[in-house]
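What follows is a set of structures to go through.
The same chain A turns up in both complexes below, where it pairs with chain B and then with chain C.
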Partner chain A sequence: SSGNMSTTSQKHRDFVGEPMGDKAVTALSGIGETLGKKLATDGFDKAYVVLGQFLLLRKDTEMFTEWLKDTTGANSRQAVSCAQCLKEWCDAFL
Partner chain B sequence: MPVFVEDPALLSKSRLKSDLVAHNVELPAAGSKKEVYLKLHLKHIGRKNTAGFSSKSQNNICSCEQSPEDAVTLDPTSLTDEDLKAALLAHGVKAGPIVASTRTLYEKKLSKLLQSAGHKHLNGAEKGVLYSDSEEEEEEEENGEEDAESGIQTDLFPDAQTTPTGIYATRRRPIKGAAGRPIQYLYPDSPVSPTTLERREVERRLVPVLVQIVVFLVVACVLYLTCIYLLDKSFSPLEQTSTSSFTLYFPLMGV
Partner chain C sequence: MSLSGKSEQELSELLDEYGIKHGPVVESTRRLYEKKLKEAMAKGKPSSDKTYYREEEEEVTYVYRTPVRSEGAGDYEDRSFMSSRPGWTEREFEPEMSYSACIRSKPEYRERSFVEKPSTYNASIYESAHLRSTPKKSAQAAPKAPKSSRLIPLWVQFVFFLAVAIFLYLVFSNMETNESLKGIE
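And now, the complex of A and B:
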């Protein structure tokens, strides 16, 4: 829905705007309650753990998108949004 | 499948080369002799072999590089982490660390790459059948544009067969958009060079000329036959009673 889209992009701006510190996975854009829970049970409870996976994949957004879809059942929009979020965060803070 | 460790000295130069590539070893200059490859092989790979490196998976990689048919049968899940990474590199993909959380992803990636490699091979064979060598250059250049249009052509005329001569009724402008049907190009018109436009113009004129010649010949034949017939059968009526046109045509109608 369009409401969801606007909150996602706000989330994106919030995440990309500052160091991620100790933020939860749900702070990542595209990651809601459901996906967050799924990730947490897989051991990805913090945004920085997901960032770790993103970095292991050499910041390849395509591969990361694939991974997120495979492991959490995220749809393409959610996965791409999350990948984009991490990519921009890396561009700003790494 | 050989269980023993092969003697590198017995391997061919290309085999040594592919082994080196598979093990991420930098290759020497292009024209180097076999000895150079052999030295590198012994230095980088020989040691690993004595340290219990399985030569089975090594063979897998080599077969994948030697023939595309074998590549399809290569099973990425059976490779070691190292070999998986090497195989990906051989396909131009620089993989990150292959660990528990990334391994399945890279396996998938490799099998996709292998599939597309096999697919490409198939496509090449099909193309060879479809397009013979005798085909005109011009046509091959325009294949891209024609593909876009042929989609609409087959849409309009499902029974029509595309011919290698490139003579399509639909290439004439007036027929396009017939029956009030909006023409939709699959791809938006891309800017084309003046030579292409010129060629198109010539091509467009070429088709009606051929049709015109055929029609002209048919009409000429009919006229000629009519003339012969009239001269043969109507000599007498013409000379005898040249009073009315009715009598002139009468013999024709009588037969």
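And now, the complex of A and C:
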């Protein structure tokens, strides 16, 4: 697994370890129920749609983090966690 | 400047100007990019430093400058020598090339220091320029950076070369040993 053992949770490892398929947005690391609902309201109801946004931002974790914070009100920890999760997923599967 | 009134294309160009790495400006990314642009504009940087070549950075190519010197004898020969080499077009000597060092080194190597040390500069220029054959008689001439057209017509260079060759012949033939005379004849 990655070197960031202190920051990756089980949720992260679960997500990064396999294709995301149709997983809900709340499967993403850092995205809990509240953020998940907010994202779904904006049309990001599946993890892969959020992935789409990440890809549009050229897989730039900083940009994505900022976007997530602006769009959902996520805090830094949550946003960074989600970005990192997506980045690693892309490294493995994209 | 109202960013929201700008087209996606315009925003994209602005982002480039400010050196902001970005993806497509589409509906879901536009707001973020406008925000980034506002921040960048507030900092007032018209262009990012990153897009510029710094003078301190080493240039890979050859640094030739227009020496502010009188036309010394060796210069012409160098020029003909250099222009006779394939692939060495005058373009490579454009003075627009940064004067920073190409010679694998010191960023401090500026034009002024060249003037003071023509021979060392010359030597290392030849090294880094990968000129394999020796510069023959012109060991100490500093390289000249021709402008887009020749300062000295090629035929003049040839004539001069010939003159030097004849001169050397005369010197050679007036040497004391007989063998050399015979050898020449």
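Here, the second predicted complex is superposed on the first by the 86 of 94 C-alpha atoms of A that agree within 3 Å, B and C clash if a C-alpha of one lies under 4 Å from a C-alpha of the other, contacts with A are read in each partner's own complex, and residues count from 1 in each chain.
The rule is short, and it goes like this: a contact is a pair of C-beta atoms (placed from the backbone, for glycine too) under 8 Å apart; a residue touches a chain by one contact, two chains touch by 3 or more.
Keep in mind that what you see is a predicted model, and the values were worked out from it rather than measured.
After alignment on the shared chain A, the placement of chain B and chain C results in a clash. By the touch criterion stated above, A:E88 is placed in contact with neither chain B nor chain C.
In the superposed model, A:Q53 makes contact with both chain B and chain C.
After overlaying the two complexes on the shared chain, residue contacts for A:D45 are found with neither chain B nor chain C. Judged by the touch definition given at the top, the superposed model places A:M63 against both chain B and chain C. Taken together, the two structures place residues 53, 56-58, 60, 63, 66-67, 70 of chain A in contact with chain B in one case and with chain C in the other. For chain C in complex with chain A, the residues that touch the partner chain are 21-24, 26, 28-29, 31-32, 35-36.
On the side of chain A, the complex with chain C involves touching residues 53, 55-58, 60, 63, 66-67, 70.
The touching residues of chain B, counted against chain A in their complex, run 94-97, 99, 101-102, 104-105, 108-109.
By the touch criterion stated above, chain A contacts chain B in their complex at residues 53, 56-58, 60, 63, 66-67, 70.
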